[in-house]
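This is the structure I want to talk about, given as structure tokens.
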């Protein structure tokens, strides 16, 4: 079943990617072509086949110690905020989350 | 609105809880080695991993996994050896990667239960005719006083990471509504968090309250978290729906947020049950929505209506190797589990002869229990019950007693050297010091005279003076002896032992 | 007087060690070569002259103090611009990260530097590694040093071109579906994608986390082996949960003969639609050379390999969507100015920060992961992954390595392939190895007679048998050195050789 422009607009909304009407049209064409390329996946009888989410053989139970590492990785505040486009004191800043909407979280 | 007990006669409340507990006892975050923050300045304990910097990768904290296995074992869960971390996506800047690393369909701990002992006034919330638990098989046996025990099933406990804290500016009282901007502090982001989800087995606000209380006691005893509802290290959401008695289909549920005390949990559920009943009885419908408890106004208000189920695009996290927990790992976790409150209380009853209520109260809080056990050291057997009595009835009023002081006061009480009222005075005097209660008693001349020879003249004097009361006694009013004891106490300026006076007076009157 | 163009990494390190020249002189020569060549090749997004000279000076100081210097002492290295190096920006060739300052150094970069290498700069790439030509870089294209009207391949096109043009002796790239092996093939250099887990991914901006693997480029197999040693010798990286120990010396046995070992060929792949005659001919010559050196040739079957592209284009976009969700313009990255709400800021920052292909892949991934679609594509794709992995395991029961093309054609001209889904098909020979996590290496066979562009063979092997892969690669290189009939081996592209770079 082909994806409509409405479907694609819904995905773009979810993925937080604003699309112009032209872009939406092109994206819809692309998405449908790309999904067609994936059809071989649906032609298999995969009954009883385990998925491979991790191509790492038998590797499992990888864990680290509960030990504070202040020296190597911890970022001092100026480094933590170095790449932030907007900050407020020691905080990262974002504009109004709800805007004028009445909805609350 | 109708009262809860009336509503629950017509309606069955179906309640499930989701409880998030931060593993505050750990030193570091879930997937990096940042220190766990308590009251640090914003963005103090952050690194590329918990800030979601590009290129950073997670490594699970072994002790966090061990802690959740302990939590699962302590709540009778099945420990799932094979499980994976998943990514749960939602765009919100409190989660630095815009996905939360959590678990998928299989959690580390599945299908457990806790047995609740519901006693006292709260037991009456569940209508007396109900006799089977929500699992459909366990009978609920009622004691004569109405108390009962009911199993509450736990669906799962999974491992995840906490979100950042946000500060909203420009709105009313720091609320997000009306805020013109918000500030983010990632100190909490990545804190190890375990989420426990119950089956919808709870039927009354009291049961919900007791479940949370028991869970808090259990996790505290495990030593995995400080479990503070007030500070948010333990957080509870409640799902609640109503159905007519006898109906088997579930009604539409509302989700309750902002519950930060046991009382709030009880009261919010009570309010919500009554509200839903009123809506339904007036022919209205319940929306699937999230509601916020306002303790000051004692009501719930709607936060948002869920029109469609959120689609979180869950998939196994490719950056994290799967888990195949070994028997050794599980046994190591099991070996770290201390005696749990139920077992401890049972032992106190069986071995020390404590009253059940006292035993449960002491065993419920690991700090109180270990204080109690220290106070027992070197105490003669006959003082044990008195120590428990002091622990339950007196000690909670004081913040800086030593176990030895409690033991000392209990000893004095047990040998009738002081009264209960004096015991309180002594504890107050020694609180926060290293004073020996015995010395305080002696210094203040509080020690009661227990020498019969010294007390007999006073008894003689009082009996001679109070002829009316003596007559009343002989007329059958045995209670009047209390008045006579009071007179003796007065005459001895409080130094005589009231129990001894009672004994002497009774002997003389009956002679 | 020597030229960097004619020195291998091993020779440079030996020269520094022996005092024939200093690391600083090498660094200056490399910067000089970049200066003379970069305008025509445009392999770099950033040349890190200060860091290079500082690192070289440290190497020289260590040597002067009598301290041990590393096996890559003084060797000029370029890093793909998705690898963090403190003191440089890491842009992933995206507007999104145009001004992103690295806040830590990637493990792979750290290990190269610890081995004594000199960091000369950050190499161009397809934006966030999405592409096969480096054309999707938000900043500029990179030209193929063998013919500047042709693409260098991608996504690690800048890394491959820098090595081919003699601007760096070694480079690191990352390979998610062929992004090391295909540009290596297009640019006529050796490029290795090690087994998944052999090299740490910590500090490399992720594209497809279960597919990405970092690996080296060099003009000689020995140089690649040297770089592999630097990347793996310190053992598994505790900061990457999927990394594993790979405790072998890649130089040991490098020159051992392949006599008695077996090389597998997959007849079905050699008949694949889209495989050009020049590549097919070159592969036949490479196979003859291995046979002449005593290797046994066996036919093997990979029955499910045709579905690898489909499986890949399910898994990779899903992981990409997830990995790129963090770019919301809050903690770092492009932030759309003057937005009234967070939602608006996020959507516009992502719309304007990301290029077309980055948006396409994320959209596809967001769709494929949605509820109901996940079950139809994502889960079955991971099951097909199992089948492909089993195919390889079965094949490796009868052969030690498999020989196949790195790319179906030689490098094409800019603009010749523009349709994204058509472009995806150019990864047909490389993708399956990322699907199952095995190692692969692209080895130059010389120039084709038809296009006069480099043509390469790819060797694939079982997981953690990367050393044996390099032994086969070295055997092919020996054959090329002795004249396979395809011209010389892997020198610096002639149009660039000798333009600066004198020592």
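Just so it is clear, A, B and C label the chains in written order, and each chain counts residues from 1 on its own.
The definition used in the following text is that contacts are C-beta pairs under 8 Å (C-beta built on N, C-alpha and C of every residue); 3 or more make two chains touch, one makes a residue touch a chain.
Here the structure is a predicted model, which is why all the values come from computation and not from measurement.
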When you average C-alpha coordinates per chain, which one falls nearest the overall C-alpha average? Tell me, please.
A
Chain pair with the greatest number of C-beta contact pairs
A-C
Geometric centre distance via CA averages, subunit C-subunit B, whole Å
58
Based only on mean CA positions, could you tell me how far subunit A sits from subunit C in angstrom?
25
Distance in whole angstrom between the CA centres of subunit A and subunit B is 39
Shared-interface residues of subunit B (touching two or more other chains) are 48, 51, 59-60, 91, 93, 182, 184, 311, 318, 320-321
Multi-chain contact residues (two or more partners), subunit A
14, 16, 53-54, 56, 59, 62, 64, 73, 75, 80, 92, 94-98
Residues of subunit C that touch at least two other chains are 100, 103-104, 210, 238, 241-242, 321, 325, 328, 330-332, 342, 346, 366, 370
With touch defined as at the start, can you tell me which subunit A residues reach subunit B in the complex?
14, 16, 53-54, 56, 59-70, 73-75, 77, 80-81, 88-98, 102-105
In the complex, the residues of subunit B that touch subunit A are 26-28, 32-35, 41-49, 51, 59-65, 84, 91, 93, 167-168, 170, 175-186, 292, 303-304, 311, 316, 318, 320-326, 329
For a test of understanding, state which residues of subunit C touch subunit A in their complex under the given definition.
99-101, 103-104, 196-197, 210-211, 238, 241-242, 244, 306-307, 309-311, 313-314, 317, 321, 325, 328-335, 339-348, 350-351, 354, 359-360, 362-364, 366-368, 370, 376-377, 379-387, 389, 420-421, 424, 435-437, 463
If we count contacts the way the header does, which residues on subunit B are in touch with subunit C in the complex?
48, 51-60, 87, 89, 91, 93, 96-99, 182, 184, 309, 311, 313-315, 317-321
Would you mind writing out the residues of subunit A in touch with subunit C in their complex?
3, 8, 11-19, 27, 30-31, 33-35, 37-42, 44, 46, 49-57, 59, 62, 64, 73, 75, 79-80, 82-86, 92, 94-99
